[in-house]
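I've put the structures underneath this note.
Shared chain: subunit A. Partners: subunit B in the first complex, subunit C in the second.
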Partner chain A sequence: MTSKEPPSYKLVGVIVAIIVLAIALYGTYSFLSWNWATGPGDLLAGKGWTFGQWFYNLGLDFWLVVGGVIWLVGTILFLMELGGVTLEGLKLRRFSLRWDAVDIATTALCAAVYGGGLFATGGLTIIPGFTWIRPANALTPIFGILFGLPGAFGTAIGNFIADAFAGFLSVGSIGGFVGNFLLAWVPYKFVKDASMRSGKSWAQFYLWGVLIGSVWCAIYIGWWLYFIGPQSPVLASFPLTGLPAFLVWGWFTPFVVINNAIVTAFVSAPVTAALFPYAKKWGLYWGDRIQYKS
Partner chain B sequence: MPNDYGLIAFVVFLLIVGAILYAMRKPVSRLILVFGVGGVLTLIAYFVLIFAGVYDNVTGAFTPTPVLNAFAVIVIVVGLGAGYYAVQRARVKK
Partner chain C sequence: MGFELGLYVEGNSFMHKLDPRVKLLFAFSLIFLPAFYRDPRINGSIYGAFLLLAVLSRVGIKRILTVLSISAVIFFMTFLIWATSPLVSGGRTLFVLPLPWGGAINYTEQGVLYALNNVFLILIPVSGMFLYVSVTTPYEIVQSFQLLHLPFKIGFAFSTALRFLPVMFNDTKQIMEAQMSRGLDLQSGNILQRIRGYIPIFIPLLVKMMKGVQELSLSLETRCFGVNPQRSFVKEARFKMLDYAAAAIMILAIAFSIYAKTVGIGQSLTWA
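Our next item is the complex of A and B:
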């Protein structure tokens, strides 16, 4: 880590990392120690997975509104990036990306590696038809931080491919498409030093890349599944997926949070630091390819 | 199934939007066309695997899936190789 930055950044980095790791490890521990013999239906009787119960106990009205806002913001940001407008701090800026052979090849490469990595573990099902244990999620912040938008769009396509090959493809996959885009987009926008050589960049990584990215992605997909599911306030008479609300908010969403957080917390940052010099040398680092217009 | 029709409609929509933007010479059209073409190929693979009965073998949690694992290795290797080749070729052209 660089010696030029104030020591307070390193301290903040350590504190943020400890908090995020504690949340991820507690969620994982409570998930693994749950009595799997009782079945997820016991969640309704208050005997569910503790970490998931916290989510579910916030109530469906809470999730309808808060999840809806999070979903809407995520969708707007996704469409803005497609339209060539991005967020810089609190300002909107127009940017230009050529989408030439290198950008398209980077997108396809990320999609293939992420998709292949995901469906390689497709048999480790947690909720049949909806999610599975996904160690390849560790790739998303790496792709986002190093490759920027091509990496983020590559992860979106990769998730779609993985849903298909693992047999999980449904209208819910459209939520997964944007949700996984956000999982890479958040560290791309908020981790400022891709070389990961400073305490500040590690603090930003754990806060944005691990915690906020994971939670945002999980709530984004969870709200979509709830909205098109059998207990939707709008589509209940014509549900497009069959996941009941207690499974969406008590199992699916918290599981996606801990799955994303635990693998990204331990794997992604050191791999990003190791790959950054190569991405830079090959001209694939997003900061060398993007042009701002205003 | 409504699910499948919804996905097919989504992919067709992407292709149409990509084609319109391409006609308007917008650079982002290439990305949207990649979404659309990728979606078509993914759906084809999905339906082939359904009719091949691969998913019937995934019956519950922690089911071993050697077929999926083999596909995964192929996709990763082909993707890495094709990506590396395309990036190197583009750099040589510059």
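Our next item is the complex of A and C:
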């Protein structure tokens, strides 16, 4: 931690980290300690595990509106980044990324590493056709914080490849594409110090990279699956997939939250800190490559 | 499993010979077609037609068995969940299934039909996309991007990622073996200790990846990557009679499905 930093930042960093770790650990612990003997019966009765039940109990109307807003904001931000406009604080700024050989190579290799890592655990299915246990999700904030947009797009493409290889590719993968993009994009935009040498950067990492990124990605994909599913208030007569709402909000979404949060909380920050000097030295750090337009 | 060509299975069937745009149309048709019907018999027929197509595509028994095994898992889980949904419990009881952990599930006529229909809503798109990537090379996928006027660089990044997947796999394996020989233990300890065990694997892997980025970008730059925004292809894609026929069949199938939805064909959840 830097000595110039006020001690309050370190305290905030520690408090945020503890809160986020507690949420991630509670979700994981309750998932692992779920009674698997009576569990299937509970599942069939429409009851999830405690953490998932909390999500589901918020109600379908709540998720339709809140999830819809979160989905819409995520989609707009994704399209803006594609169009060369980004968020700086609360302002919109035009930027220029050349998408030259370095950016394309970064995108491709991030996709290869992430896609391969996800596929390696593709057999550990949680909801057939939709999600599985994914330790490689720890890579997403690293790619976002170090490589910026190429890393975020690499994450999205990598998820798409893993979906195809593991037999999960469907219209739901559209949500997975943008959702995984957001998982890397959120830390890219909101973790300001990629060296991770200040309490503030750790607080930003745990708040944005672990908590908000994980929740946003999960709700984004969850809402998409709900919206195109048979219980959708809009597409019920034309469903594009067949997941029931209780499985989407009581299982899929909370599972994606804890899967993302637990691996990023314990792995991503030290790896980012260790890799930043290399990314900087080899000219791959996004901050040295992007140009803002006035 | 060789990943250099993604999931592509080499072959000479009519599906392999189709224009990449027609193959994409085929994949999209299989995503949307089952959504037009609420009758598992019709969606079951679509899935049957798909299986026939998979056999005729000659992608090999191993690939078809993979599709069937994925289908079986999806079928079992989705059926079990939907058939007991309180949303659809009308009609007479067809059978009662005792559960090994206690209790029993009452399967009603409407519940079973509704469950089967939703099974096909998941099965058909997932299996369809699996067949699409089995008969389409990464080269053709990149070509599709160009032909549909989408940014070619996205397609290029996608195909390069597929190309590097085996390289990264081997690198990961080597790093894991090297770290394990130094005492890294990923098999024991609680979940947090196991998760933290990935740190000494990720760091050298990502350093190697960054070196790979430098080498690949240098190689691309020496070939003047991106100088000409219009990419040319050695093998030009042209529509042939087979492509027109296949595209016409799929367009007709979609048009009929829209008509069926409008007039109410295949929308009834009863056996009659």
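As a working rule, the second predicted complex is superposed on the first by the 285 of 294 C-alpha atoms of A that agree within 3 Å, B and C clash if a C-alpha of one lies under 4 Å from a C-alpha of the other, contacts with A are read in each partner's own complex, and residues count from 1 in each chain.
Keep in mind that, in the parts below, a contact is a pair of C-beta atoms (placed from the backbone, for glycine too) under 8 Å apart; a residue touches a chain by one contact, two chains touch by 3 or more.
These numbers come from a predicted model, not from an experiment.
Participant: Is the arrangement of subunit B and subunit C around the shared subunit A a clash or a fit after superposition?
Facilitator: These partners clash in the superposed model.
Participant: Touching A:P230, do we find subunit B (first), subunit C (second), both, or neither?
Facilitator: A:P230 contacts subunit C only, not subunit B.
Participant: Applying the touch criterion given at the start, work out whether A:I290 contacts subunit B, subunit C, both or neither, answering first, second, both or neither.
Facilitator: In the superposition, A:I290 contacts neither subunit B nor subunit C.
Participant: Which partner does A:V85 contact after superposing on A: first (subunit B), second (subunit C), both, neither?
Facilitator: A:V85: touches no partner chain.
Participant: If you stack the two complexes on chain A, which partner ends up touching A:V271: first (subunit B), second (subunit C), both, or neither?
Facilitator: second
Participant: For A:L60, select first, second, both or neither according to whether it touches subunit B, subunit C, the two together, or no partner.
Facilitator: neither
Participant: First (subunit B), second (subunit C), both or neither: which does A:W99 touch?
Facilitator: Both partners, subunit B and subunit C.
Participant: After lining up the shared chain so the two structures overlap, which partner does A:V14 touch, if you call subunit B first and subunit C second: first, second, both or neither?
Facilitator: neither
Participant: In the superposed model, which partner reaches more residues of subunit A, subunit B or subunit C?
Facilitator: C
Participant: Could you tell me if A:A138 is touching subunit B, subunit C, both of them or neither one (first, second, both, neither)?
Facilitator: A:A138: touches subunit C, not subunit B.
Participant: With the two structures laid over each other on chain A, which partner does A:V171 touch: subunit B (first), subunit C (second), both, or neither?
Facilitator: both
Participant: Of the listed segments of subunit C (114-122, 150-158 or 186-194), which one clashes with subunit B in the superposed model?
Facilitator: The segment of subunit C occupying space taken by subunit B is 150-158.
Participant: Of all the subunit A residues, which ones make contact with subunit B and with subunit C?
Facilitator: 99-102, 104-109, 111-113, 115-117, 119-120, 125, 128, 153, 157, 160-161, 164-165, 167, 169-171, 173, 238, 240-241, 282, 284
Participant: Quick check: in the complex, which residue numbers of subunit B touch subunit A?
Facilitator: Residues 2-3, 6-7, 10, 27-28, 30-32, 34-35, 38-39, 42-43, 45-46, 49-50, 54-55, 58, 60-65, 68-69, 71-76, 78-80, 82-84, 86-87, 89-91, 93 of subunit B touch subunit A in their complex.
Participant: Can you list the residues on subunit A that touch subunit C in the complex?
Facilitator: 28, 32, 37-38, 40-41, 43-44, 46, 99-102, 104-113, 115-117, 119-120, 125, 127-129, 135, 138-139, 142, 153-154, 157-158, 160-161, 164-165, 167-171, 173, 230-231, 238-244, 247, 262-263, 266-267, 270-271, 274-275, 278-279, 282, 284
Participant: Hey, which residues of subunit C end up touching subunit A in the complex?
Facilitator: Interface residues on the subunit C side: 3, 6-7, 31-32, 35-36, 66-67, 70, 73-74, 76-78, 80-82, 84-87, 99, 101-103, 105, 117-123, 125-126, 129-130, 133, 153-154, 156-158, 160-165, 167-169, 172, 191-192, 195-196, 198-199, 202-203, 205-207, 209-214, 216-218, 220-221, 225-226, 261.
Participant: Tell me, which parts of subunit A touch subunit B in their complex?
Facilitator: Within the complex, subunit A touches subunit B at residues 82-84, 96-109, 111-113, 115-117, 119-120, 122-126, 128, 153, 157, 160-161, 164-167, 169-171, 173-174, 238, 240-241, 282-284.
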